[in-house]
Each structure stands twice: as C-alpha cells, then as structure tokens.
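Below: one structure in structure tokens.
Chain IDs A, B, C and D follow the sequence of writing; residue 1 opens each chain.
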Amino acid sequence: MIQFKGLVKKFGDRIVLKGLNLSVQKGEILFILGTSGTGKSVLLKNLMGLMKPDAGQIWIEGEEVSSFSEEQYLPIRRKCGLVFQQPALFDSLTVFENIAFGIRRHTKDSEQEIQKKVTKALGLVHLKNIENKFPSQLSYGMQKRVSLARTIALEPKVLLFDEPTTGLDPVTTSAINQLILELSRNLKTTSIVVSHDMRCALDIADRIIVMDQGSIIEIGTPEELKKSQVSLVKDFLSEVLEKEARQ
Amino acid sequence: MKAEAKVGLLFLGSLILVVGFAYVMGIITPFSNNKSLNVRYNYAGGLEEGSPVRVMGIKVGKVRRIEFEPGFKTKNDEEVKLRVEIDVEKKAWASIRKDSKFFINLAGVIGEKFLEISPGSTNAEEFSSGDSVRGEDPPRIDQLISQSYGLAGKIIELVNKNEGSISNVIAQLDKLTTNFNKTLILLDKTSKNKDMARLLDNAIKISDDVAYLTGNLRSKKAEDTYALVQKLLFRLEPLDGPAIKKFFQEEGVKAKISF
Amino acid sequence: MFEHFVSFTEMTTHAIFSAFRPPVRIKESFQQLYFVANQSLIIIVFCVCFAAMVTILESSFHMRLVVQNDSMVPGFAAMLILRELGAVVTALLLTSRVGAGIAAEVGLMQTTEQIDALKMLGIDPVQYLVLPRLFACIFGGMILTIVADLVCIYSAMLVSDMYLGFSPAMFISGMRRFVHFKDLIFSVIKGASFGVVIPLVSCHFGFRCKSGAEGVGLATTNSVVTSSIVIIIIDFVLSYLFTHF
Amino acid sequence: MMGVISDAGKVVIFFFRILGVWKRKSISSQLMFEQIWKVTMQSALTTGMAGFFVGAIMTIQFTMQMKDFGALGYLGGLATSTTIREVGPLLIAFMLAGKVGAFTSAELGTMRVTEQIDAIRCLGADPIQELVLPRFIAIVISSFFLLGLGLLLSIFGGILLGEVFSGVSFEEYLRHIPTIVSLPSILTGLFKCFIFAVVLAVICTYRGYTTTGGAKGVGLAVVKTAVGTMVTIVIADWVTSLLADITLRAVLGT
C-alpha cells in the first residue's frame, strides 16, 4: 500500500532521515515510536507532500509521488488524511465550516449532503450539537476530536496521526486511542500513528516500528517487540512493564 | 570589543557630529583668530546678531552681539545708543583702516541685512582689537520701499480700471514713470547722505528701465506684455495684503492698494 | 481603551518610582543601549539617506511650482530635516525594530511564565525589565536622532550638489540662513521624548500578552501601532510648543 | 548583507508565486471583500488620526517657513500638495505597515505555527489561494480608501491649525489648493500608494507564510515585517519619486 525506499531528508547540515525503508500493509495499524526529534513527524509530512525528500522514493498505491507537484498531490491528499499534533482548527470558522472545508474542496456535494457528512463525522468522534461553536469555545480534548472529525469526513483510505495524545491528560489519551482503534476498524482504513506512548502502542498496534536518529532500529508486532534485545526498545518497554507490575 | 565600549564609541561619534554641526553653523569658532570691533549706531536698520560682515562684498565675519548703551557718548560728544560688536577675520584686518566706513546694507530678494565695511586707505592706521568706531546710520530704506509699494499699488489700480484699453494704460504708465523720476530727482537734491544718493542712482536706473518697458509696450508685443503683467499681479495676490496695508499705515504712508 | 490607559499609567508611575530604588542594572542597560543604538545605526542611516533624497526632490518640485525658482531649497530642506524628518523617521524605525522586539520578548516571557517566575524570586519585573529598556531608548533615541539629522543633511547636501547643482558651500550658506543651532536641540528633545514612548508602550503590551502564538503576534502588532500614533501626536504637540521659542 | 539579498530574492519569488496563483485560479470574491472590509475598518481609525496630526504638523512647519515672506495664502495649496504627492502615501504606508502588515504576518504566522496552513494543504486547498491572495488584494485595494481618508483628515487638520495657529481662514486655505495641486501630482501620489501597498502586502504575507518556531517565531516574524516594510517603503519612495520626476520631464518636455 505505502512504501518508502531509501528516504533521506536534511535540514541544513542535520540529517533527519537516513535512507529509510519501510512498507505499510493495507488495513493495519502501524505505530512509529521513538524519542523526540528522530524524524517521525518528518516522515508523515513527506508522505503528505508537505515536505519534499532530498533523496529516495515514496510509493502510494503503485504511484511514485515524491516528485509530484502540488496539483498532482491533491488526489493523494484525498486518500490520506493527516491529524495534526495541534488541533490546527481554523480559528475564524465554526466547527461545521471547519469540517466542511475539505468536503467542499474535494466534492461537489449539496449542502444537505455536507450537513449529513459533518454530523456523521462528528458522531464518529462522539460529539454532537457543537456545529455552530467556534474552536476557541471548546476544550482542548474536544478540539482534537473535531480535528479528527475534519480528517475522517473526507473518508480517507489512510489515516495518519502525528502524536495524537501528546500533552493530553490520561483520560482523554485513552479516549483518543480508543477512537483511533474504533475508526481504523470501522472505516477499514490503514493507520499510521506517530507517538512516543509505548503503552497504547502495545494495546492497539498491529505492528510497531522504533526509530532512532533517522533510521529504524526495531520492527515487529507487540509480542515480538516485548522480546527485543535492542537497548532503546528495552528502555521504552521497561517503563510500561514496571507500571503493569506495580498494578 | 565590549558592548559598553561600542556604545561609548557611538556616543563620542554623535558628540563629534554635534560639534561639527556647531562649527559649520558658525556657533563655535575654535580655529579662528578673529579680531573684534565695536561699531556704534543710532539706528541699526534691522541688523541682527549673526548677520554677515563684508568687506568689498566678501564675507569676512559676523555680528556677534548688539547691545543698548543709553548713556554712551563719542569723543565729539555725540550720543550713540547702540553698540554692535562684530568679529572680523584676520585676513581682512589689513583692509580695514581708521578711515573705513561702516554701512548697513540690504542684499537679495529676501532682504538679508549685512554690515558693509568700505576699505580704508593704506595711509590710515589699523584698528586694534576691541576698538570703538562710529558707524554710518543707514537711511530709512523702509520708507523708500513703501513709496515704491505705493507705486505698485497705483499700477495695479490702473490696470484694474483700464482693462481693455491698453493705450490708456501705456499713457498712464508713462506719466507715472515721469512722476517717479521727478520725485527721485527731488529726493536726490534734498538728500545729503551720500549713501542715499547711491541708492537713488539705482532707483533712477530702474525708472529708466520702466521707461524702456513702456516703450516696448507700444510695439507688437504689447498684448503679451500686458498678459504678463496680469499674471504678475495674480501672483502678487496671495501675498499677505492686509499685513502690508497695516505696515503702510504704521509708516504713515497713504498707499492705495486694492488687493 | 480606558482600562489600557489606567494600567499603562500605573506601570509608568511604577517604573519612575522604582528608578530611584536599588538595584540599578547598569550592565543590562548598556547591553540594551548597544542593541537600540549600535545595532539600529546602519538601518537608520540607510533609511534617512533615502528620505533626504526624497525631501530634496520634493522641495525643489514645490519651490519651482510656487516661487518659480529653487534657490531656497537647501535652507528649507535642512529646516524640514532638523525640525521633523530626522527625529520622526528615526522614531518610527525604532518603533518597528526595537519596540516590536521588546513587545515580542516581554510577551514571550509573559506567556512562558518567566515574568511570574521573576515575581516568585522577589524581583520586580517592571524595574527589572522596563527600566534598562527605558534608559536605553531615551539615550539611544537622542544619539540616533543626532546621527540621523546630520547624516540626512549631509546626504541632502550631496543630492542637491549632484541633482540640483548646489555646491556644498551654497548649501551651507543657505542652511545658515534658515537653521539655528536650537533646531538641533529641539530635535534631540523630540528624539528623547519618542524614546520614552517606545519602551513603555511596548512593555505595556508585552505584560498584557495572552498566551499562544496569536497572543504574541497581537501584542507586537498593537505595540507598533500604538507607539506610531502616540509618536505622531507627541510630535505635533512638541512642534507646536517649539514654535513659541 | 547576503542575508538581506537572499531575503529580497525570496520575497520577489513569493510575489511571482502569488501572481501565478492569481492568474491560474479563481479567487472567491466573498473572501476578498471580507478582507477588504476588515483591513479598511481595522486601520481607518489609526490612519485617520495619523492623517489629522500630520496635516496639523505640516501646517505648523509651513507657517514657520512662509510667515517671513508673507506668502501664507499658499499654505493650503502647499500643505495639500505635499500630502498628496509625498507625505500621504508614505504615511498611509507606514500606518498600514504597523497595523495591517504586522497584523497579517502575525495572523498568517500563527496559522503556520499551529499547523493550520498545513491542514489547508492536507484538505486539498491551496493556502496561497485561500489565505494569501485575498489578503494581498485586500491590502492593495484598501490602501486607496485609506489614502483618501488620511488625505481628507490631513486637510481638515491643516484647516483647523491654519485657522487657530496661522490665522488663515479656511476659505483661503481651500482656494489655493486647486492652483497648486495638479493632475501629475495626484497621479504620482496614487502610483506611490499603489507601489507601497504592493510592497507591504508581499512582505507581510511572505513573513507570515514562512514563519517557523512557535510563539517566538511569530513575534520575530512581526518584528521582521515591520522593519522590512519600513525600510523597503523608504527605498521605494525614493525610486518612485525619481521615476515620477523622470517621466514627467519626458512627457512634459521640461
């Protein structure tokens, strides 16, 4: 479904991705873990065409997209929906207009159909009756959900999450994680989640990738990962396992 | 270099700039070896502190101070109530002798006043710094000017009244010029002041020019000239009419100016 | 609006009173002065040179229109530069460079709770932050105004030499007729007054900065606009006052 | 030095990008009018106030110059002509740089650092078309409205001070405006205003659009916008003055 071949990305002298190779299967939930600043978000932004790689190829459903222009990328972005780290809602638009924004750009739906889609998307993230509010009137957790709704309203085949639970309280975190799982299964999408939360990765991921300094150091299912001998992975795991042991 | 040092450098730089400015403006004159003279007047004709001092038309210094000295008397017992202290550059010092004369003159369109010193003869002694000397009181130029303004006013009146009849205007102009000439000659005779005579000489030349102009008016170019005169009058119009009138009233001159 | 005025006055009086209390941050003040004066020097000199050229061109245009000759351009241009242009252009540039910088800096400290941290450590944030900047802007304003005035006159002299054919000597003698030394002093007084306005207004908006990127942007914008307007108004008042001398 | 030059180059490239988008894509007129209204209303008070006081200041200065020649009658004409040709556009541009320029770059910068601009791209829209272009056009168009407003109020300020300070009645003030203000002057003023507005609009949208680094970055973008626009406007002022002068000489043959 999605393939990265020898992906390289530099910021000035700093190499963020060092020839990364990765393929993502259709319908799986893939977690990308790693410490801060290891190029996880950069990987997603390259996939969405928000950044251009310095070398390497990106294949999406049999198309090499890394050299695509902004125009050519439009159908790709229809297929892949990115949920940002921050809610990134448009402050000047209502919740309804925020969610309808993408639908209006991509389809020629009538107002009623848009209305229906917006309500459905909000329903999927367990929200209702907030269509006419402005983002600043919502709590941060709700803003994140609206942001999620805005992405899934376009019915993408691939859902990308950029650190969806960073800076959230434990209750909201687990709610969001639950949502990711639900949405991926219900909508039958492929999901790629960038995170540093090992706990929920073990819970909901089909496969987990651990990155360090621009390259992949471990890959496998949650079960395989628990047996990993790589020290960084062990560090990641130990914290989670300790907690479980205490409980 | 430390930040403080750089700031200090900048501060010094700006100080130097201020001093430089003051030097260019002639407020401080550290390198000059000026000598000063006290010139006595009873009427300074609009001379100001900072007005230039010239010898044979060359600027050689400026008026430093003007002070009132009510009780001052010269050697020959004349009361002279104004003391004008002037600075004169060294290079011009040799040209100023005891028989030099100190006039107050007018230059340029704007009417900047300056102190003109006539060169003395080499036989006479030089001054030493700080000497006192009696200056030549200037003629009341303002009165003469106001009379010319009166003339201008009459011309305007004439043109306004006689629009269309050019020949009439020319005749009137002719008459006026002759009258003006007569006045000037009369003034020449009555005036005892030499400098006044020089000024009048100039005035006579001007009236000759006016005569030439009226001669021109008779030619084919008459209409062009007439248009030009009108344009000139229009341009004069925004000049502060009421203020001039007030000035004339103060001077006791009855000028009829119809702005 | 009114509430702004009240808290601004409060902060200003606070700053004035705390000026007479130790500790005095002399080193920090000179650091700020270095930032205000030295680092703005090039940009101000550059801009003022261009402003001088425009002034000369425009003055000569208008003189030809009204008086039919431009013999008085040097005098008038020098007068305009000293009375208005030098101080105001300098102040507006300082507003955008230094004022906006202060607002962003203080605003960021407010949003990242550094100001609260200062308070916790028993340090008066107004005295700590505002006073060095106030000192720097007043002196910087004065120094930069002097430099701007004279550089501006100098470049006006060059332009009128090249473009209008006035020799420097003609320019200076024309200037002497209209410009007095007191004009430079008035100009410096203006520079100092504007220097008071800029840090106070910027710090005021910085202290009231709301959190987030939007808050910082808004604080910066508001401080630039308010400073500019206040500078123009003060300029008017001072120009009016100086005509009586 | 190299930094300044490369910045200038980037701004020019960005300008052509905006023009390219304008040529190729339609622009929602509703969005544009919204922006025009917003920009005009936002800056009306500031520009008006600044205009009033600048008119007043110029009257004071011109009075000081012309009193000695008794030519106060020309006061109205000269002050107005200077405002139209020179001070007006410059003033409007400076005020706009402070108000609209800084605001726009802060707004766009905020959208950039909160990933709203990326979100627009992900939702399949072109942020230049959606965000930059309407603001760009709005700033250029509103600058003309604001020029008119600033001019009116500066004449008003001039009249008031003429009456109070110089003793010139308002009739006399107004009477000499048409004799001195000529069509070329008005055209020069409009041309200047247009150039300044374009310069301002490009720089502030560029700075906002390319903001990086959180709240600090937004603050920095605003400072850079304010400084950059003012410096560029002063340079553009000189260039346009010179161009206008040369063109007028060529056209009128004087």
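One rule holds in what follows: a residue touches a chain if its C-beta (ideal position, glycine included) is under 8 Å from a C-beta of that chain, and two chains touch if they have at least 3 such contacts.
This one's a predicted model, so the numbers in the text were calculated from it and none came from an experiment.
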{"item": "Intersection of the contact lists for chain A and chain D", "value": "none"}
{"item": "Comparison of C-D and B-C (more C-beta pairs in contact)", "value": "C-D"}
{"item": "Farthest chain (mean CA position) relative to chain D", "value": "B"}
{"item": "Centre-to-centre distance between chain B and chain A (centres being mean Cα positions), rounded to whole Å", "value": "88"}
{"item": "Averaged-CA centre spacing for the pair chain C and chain B, given as whole angstrom", "value": "41"}
{"item": "Between chain C and chain D, centroid-to-centroid distance (C-alpha), Å", "value": "20"}
{"item": "Centre distance in Å when chain B and chain D are each reduced to the mean of their C-alpha atoms", "value": "47"}
{"item": "In chain A, residues with contacts to at least two other chains", "value": "91"}
{"item": "Touching two or more other chains - residues of chain C", "value": "214"}
{"item": "Sites on chain D at which at least two other chains make contact", "value": "71, 74, 114"}
{"item": "Parts of chain C lying in touch with chain D, wherever the complex brings them together", "value": "43, 46-47, 50-51, 53-54, 57-58, 61-62, 65-66, 76, 79-80, 83-84, 89, 92-93, 95-97, 100-101, 103-105, 107-108, 111, 178, 212-221, 224-225, 228-229, 232-233, 235-236, 239-240, 243"}
{"item": "Residue ranges of chain D in contact with chain A within the complex", "value": "111, 114-116, 118-126"}
{"item": "Chain D - residues contacting chain C, complex", "value": "46, 49-50, 53-54, 56-57, 60-61, 63-65, 71, 74, 77-78, 81-82, 85-86, 94-95, 97-99, 102-103, 105-107, 109-110, 113-114, 165, 180, 214-223, 226-227, 229-231, 234-235, 237-238, 241-242, 245"}
{"item": "List of chain A residues in touch with chain D within their complex", "value": "45, 48-50, 70, 74, 77-78, 81-82, 84-91, 101-102, 105-106, 147, 150-151, 154"}
{"item": "Chain C residues touching chain B - in the complex, by the definition given at the top", "value": "27, 30-31, 33-34, 37-38, 41, 139, 143, 146-147, 150, 172, 175-177, 179-181, 184"}
